[in-house]
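All chains are identified by letter, namely A, B, C and D, in their written order; residue positions are counted from 1 within each chain.
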Amino acid sequence: MSPLQACLLFSSALFSLGLIAVLVRSNAILVLLGVELMLNAANLNFIAFWRYGPAPAEGHGVVFVVFALAVAAAEAAVGLALVIALHRHQRNVRLGEARRLRG
Amino acid sequence: MNSWPLLSLLVLAPWSGAVLLGLRPGLGDRASRWLGLAFSLSTAALGAVLLTDFDPTRIGLQFVERHAWIRSLKVHYHLGLDGLSLVLVLLTAAVAPAAQLAGWGRAGPTRVPNLLLLFLQGAALGVFVAQDFVLWFTCWELSLVPAYFLIRLWGGPGATRAAYQFVVYTIGGSAFLLAGFAALFAVTGTFDFAQLAQLGRDGALAAQLGPWGVRVVFAGVLLGLAVKVPLWPFHTWLPPAYAAAPTGTVMLLTGVLSKMGMYGFLRLLWPLFPAQLQAAAPALLALAVAGIVLGAWAALRQEDLRRMLAYSSINHLGYCLAALFAVAAAAGGERPAAEAATAALAGLVLQLFNHGVTAAALFLCAGILEARAGGRSGLGDFGGLRATAPAFAAFAGVAFFASLGLPGLSGFVGEFLVFRGLFGLHPAAAVLALPGLLATAQFLLTAWRRVFHGPVQGAAADFAPLTAAEKTALALLTGLMVLPGVAPGLLTSLTNPLVTAWAGHLTR
Amino acid sequence: MTALAAIALLTLAAAAIALALRDLIHSALLLIASWVGIAAFYLWAGAEFVAFAQVLIYVGAISMVVLFAVLLTRPPTGPATREPSGRAVPGFLAGGAVLGLLAGAVLSSPLPAGTGAAPAFGVRELGLKLLGPHAGALLATAALLTVALLGAVVLAAARGKEDAS
Amino acid sequence: MHLPVQLTWLIPALPAVAAAVIAAVPARRPGLGAGLALAALAGSLILALLALAGALADPAARLIHTFTWFDLGHGAIRLGWLLDPLGTLLAVMVATVGLLIFTFSLGYLRDDPRAKQFFCFLSLFAGAMLGLLLANSLLLLFLCWELVGLASYLLIGFWFQRPAAARAARKAFITTRIGDLGLLLGLVWLQDATGTLLLFDGGRGVLETEALGALAGASTVGGLAVSTAIGLLLFCGAAGKSGQVPLHVWLPDAMEGPTPVSALIHAAPMVAAGVFLVARVYPLLAADLALASVPVHALTVVATVGAITALFGAAVAVAQDDIKRVLAFSTVSQLGYMMLAAGTGAWTAAIFHLLTHACFQALLFLSAGSVIHATHHEQDIRRLGGLRRRLPVTCATFTIGMMALAGVPFLFSGFWSKEAILHAAHGWSVSALPFHVALAAVALTAFYMTRLLAEVFAGAPRGHGAETAHESPAVMTIPLVLLAAASIGLGFLGTPWWPWLQSTLDPAFQPEPGGAGLMAVSIALVAAGILAGWSRYGRLPRTSPEAADPLARIVPRLHRALAARLGCDELYAATFGRLCTALAAATTALDRSVWDGCIRLLAQLGAYTGLVSRETDEDVLNSGFNAAGDGLRAGGRAYSRTQTGDAHGYVWMLAAGFVLVTLAVLLGGVR
């Protein structure tokens, strides 16, 4: 098992954990945190491929992760604001009860 | 050499005045007037400093300020001043305070119009000293905003349409300009005028753009500038705009803003595309001569004083364009034409200054007439004014005869030098342009006769005497019409080395 | 490799426990630990700047936001209610399936071995890249952050009408 | 004591500065303005006399002073002053006549509230005129030339509230400007060809051998030598200023100004400027004489135009009824003589006639002014008459002027100068026609001047003005007497036996022998003219203003045509005037319809594109889209049932989709 594969397995595991959290938990905050974990897993992949990839001097992976971090920050801010809005609206943060979007 | 950032101050002083006026909404009319005048005079003060520190024997830019601005686009905050810029800065210094003073007698709000005038002044100064396209173009476009609002909000009848036409026309022109420079940047990677000019002289620009590319870009830039000056037949926005704009605005429009286009021709089009301009010059020369002659004919037909003066502006700027195109056409030609080219270019610069002052004075006179005739400015609305307002008639007479090219006043020297150069470079064009001179005399004297001579009638009967502000503005402009007429060396010495160098490029 | 294994184990464990806990405060704190683990991974991989950014953004900023959100949305009485258990089993099954698929894919793919040496890509190089070829994206990100901030403020502060309806 | 050439500028500057000062002093002090103007001009006269003395001390030497006006390129635009007999002599003449006219104006405009302005304009005029005469640079000359035009515009339009005066002023300016444009073009051409506009510059001036040779050697359009073309262009300016046919139309109209102005413009200075210019650039005009190949010599054109003008003016003057108009056309005719003389090579004779003409024409105009002043602005000779007794001094001076103009032999100056011209025309080798034309004009001149004299002074008063006339005050009559003396005396400066003037002006002048026969012919013609005039007008004076002119009874159609000035004004109005109006209208229409039309067309095009695209959208595309839309809506309704709004549900779907895709990739080998 090469280091790259190890890294990728690590990220896969993290991704799956996030996915399970998203699928199972009903608290909106935790769902959001699951999503964050999945995002982090993706970032891990970028770093791994940059580290062991063909052209590390170009630094594409790092640059991408930097942008992803910024976007994640934005996403977290908006997401948590949404959670607060949801809470104001239905007095709890249970995702299952937020069904206004039903078609 | 002064270590102050004089050119930045030059541009920012009127703008800071505008900001100051903008921040004080409750300011009274009186305070607004004085503030506007004071800040518009800043250009005169700084211009005097520049004039004393300016070294007329040097050809290149002086007072240079250069800082990186947007690194990734290689845009610089690059200001610089040569003889041509200095002459135009001095012109602005003369016209802008007069334009402020022109609004003193007018009823209605003063704060916002004065604010906009100051803004316009700063933008025009920015155009004259910017040496980087992005900066230059920003100022170029910024000048439209206040002009639009001034015409739209405080203009006479038909102002809405005229303002709209003015802005759409000129923005339409500048769109081509911008597109052209975007293409230039794409191939050269620089916005700096000096670097671009160097590339243009070497022919590298044409090589990089390809034979068709360079033509398209040239045409775009040409169109943008031609609308601004304006070159006949791109002039149709001008008479309505000049007829509708309030007096101070039209003074700046004709005195300063129309020079921006000419400045663009000299600073951008000619250095960047010498070969293309040379190829197109005969056709453009024909258009310029058409502007001279047809502008004067059209002025002969106008019944409204302002429209007549607007057409006379087209006529007078036609001389500048004709001089430039004749010089451009002669580049590398058979005739060793350095002397004629020098005369034409020196005449061009003189004509720029003189037309600015003269046209501003003429429009100021028209504005004074209008203010006393309840907004009318038709030639038939007056008569015998010289009897009821001799002082005003004297001022107006100087302006009329300066515009007509009477020796001893400013108009003559420029026109003589332009004709001298034009004849040396392109005799047929000079001969064809002569009827323009005749028609100019004809329409100016006809207008003079109808307004000032004959029995007293119309609004001339109870003509209120000139106010102190009007007298000051008129006296200032009159002085600037007499002085260069008697001693043109004051101006030509500033531009002589520059002009000689330009002409020297031709014979190389 | 051992360092990597340790980091991975710690991170995964913290994340797993965090997601299983019922008390949101605790799970948030544990998640912070997991994020620190990820930052450690970045350090291990030689991307110091990203590591610091991870610490600053996740450990510093997002965790605070999460804690605030938790505090603001905590039900007035008692701890969080129990999860409905009906989704748990299929959830774990699905997660396991995804993990299996990914692991299979990773292990079966012919991946490049890499140089092994940590690449020389420091903060200076990163800065040059960001303000050189990626200047446009940087500006766009700046705009995005600003807009997101504004949006978050609007969403979180939109009282009144929303409540009345 | 001679005037240093460096101080030449003082001569024109004194009146010019006086004009500026007068403009600045308050209107309440008219006397101050007049005094200042007189003093300044007197100063100029003294300086001009000093300059003349210097120039006469050595007529062949030219005193020049050159200075830089402004730098241009590697060179400079240079101007200069020149003191030679020609310029200084005319400067003395202008200053003297001007001084007399100024004095006369004191009386003439005593009651005019705007007298201050009048003296301001007069001073400006005198300054510009003196500058013109003493300039050593064609550019400086042109500058002063245009200022002279401005001053004459202001003076002709002095009573600007009269529409006729306002129109006449404008007409004068524009008509002369037509000629001036030719002059300007000539200057520009000269500058381009020689690189300078200085007349004399130590061998490099345009009138010096080197430049003249180069100019005559080069040829241009139509086979003309460059010197010919430039000379003709310069002559355009001279023709405009000196009222030569066909640019003479402004001159009679210029009578609308006050009479001293008429004297100033018609007699001495202004119209003389054109003749002076021709004399000044005579070497240039004559440069092509040696060339046989050129199609036309410049001087031939000058002589031809001069001959035509001389005859035209004299003929039209016969049938005019306004006292000042008769004199105006006589001026036109006399200027034609001068041009004729210059064209035939005798430019010294032209200047001689210019000097004598200045005196007697000023005398005539001022006498006419005296008549007009005395008769309360009555100018129609049919309403005058019988003024011999009421205005004895004026009558005497007018008679002297008339005799000088008509060329009454031996005593009067006009005789000698005209004799010199006829002599030159007689000896002209190109054609004898101008000589015969000039002879005809001599007879006509004597005839119409006798008519004028008889109508105004003989017989009985025929109008209220004439009946109540009183002699003018001394301030007006003294200048008249002085001018009358000069009209007699000046002629002896250039008699065939002692041609001092000619040889002073032109050191190379050689008097041609044998003029006695010619003199006899011209004396006979003058006598015939006077007799004919006397027999028609003096012997049987007109009895009432309405009575028909004797000439109208004999040749009514010719008389009508002459009275209408041969329809020149009408012709111009019908051709150039119409052309101007039409061009102006066409240009405006071009702007309105074509260029604006183009813009509007573009706008319309945009609008049409919009219209077409809208129609297409609605009829073609929309129907299709509507159908598709209906289908979509149905599909959407069906699909929307899957949208439970349950976030978890969505994530489930995502996960399932992910698994499916991954499986497809792994198992299906999709790359």
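Please note the rule applied: a contact is a pair of C-beta atoms (placed from the backbone, for glycine too) under 8 Å apart; a residue touches a chain by one contact, two chains touch by 3 or more.
Model, not experiment: these values are computed from the prediction.
Common neighbours of chain C and chain D, listed by label, are A, B. One inter-chain figure worth recording: chain B and chain D are separated by 33 Å, centre to centre, where each centre is the mean of the chain's CA atoms. Annotation: 61 Å between the Cα-based centres of chain B and chain C. Once the centre of each chain is set as its mean CA position, chain A and chain D turn out to be 93 Å apart.
Listed for chain C are residues 87, 94, 98, 102, each touching two or more other chains. Annotation for chain D: residues touching 2 or more other chains are 648, 652, 655. In chain B, no position touches at least two other chains. If the chains shown are joined wherever they touch, the resulting network has some other arrangement, not a path, ring, star or complete graph.
Looking at which chains touch one another, you get A-C, A-D, B-C, B-D, C-D. Residues 131-132, 135 of chain C are the ones that touch chain B when the two sit in their complex. Partner chain D is touched in their complex by these residues of chain B: 233, 235-236, 239, 294, 297-298, 300-302, 338-340, 342-343, 346, 384, 386-387, 394, 401, 406-408, 412-413, 416-417, 419-420, 423-424, 427, 430-431, 434, 437-439, 441-442, 445-446, 448-449, 452-456, 487-489, 492-493, 496, 499-500, 503. Residues of chain D touching chain C in their complex: 648, 652, 655-656, 658-659, 662-663, 666.
For chain D in complex with chain B, the touching residues are 23, 68-75, 139, 142-144, 146-147, 150, 157, 160-161, 163, 165-167, 169-170, 173-174, 177-178, 181, 184-185, 188-189, 191-192, 195, 580, 583-588, 590-591, 594-596, 599. Chain D contributes residues 639-648, 651-652, 655 to its touches with chain A in the complex.
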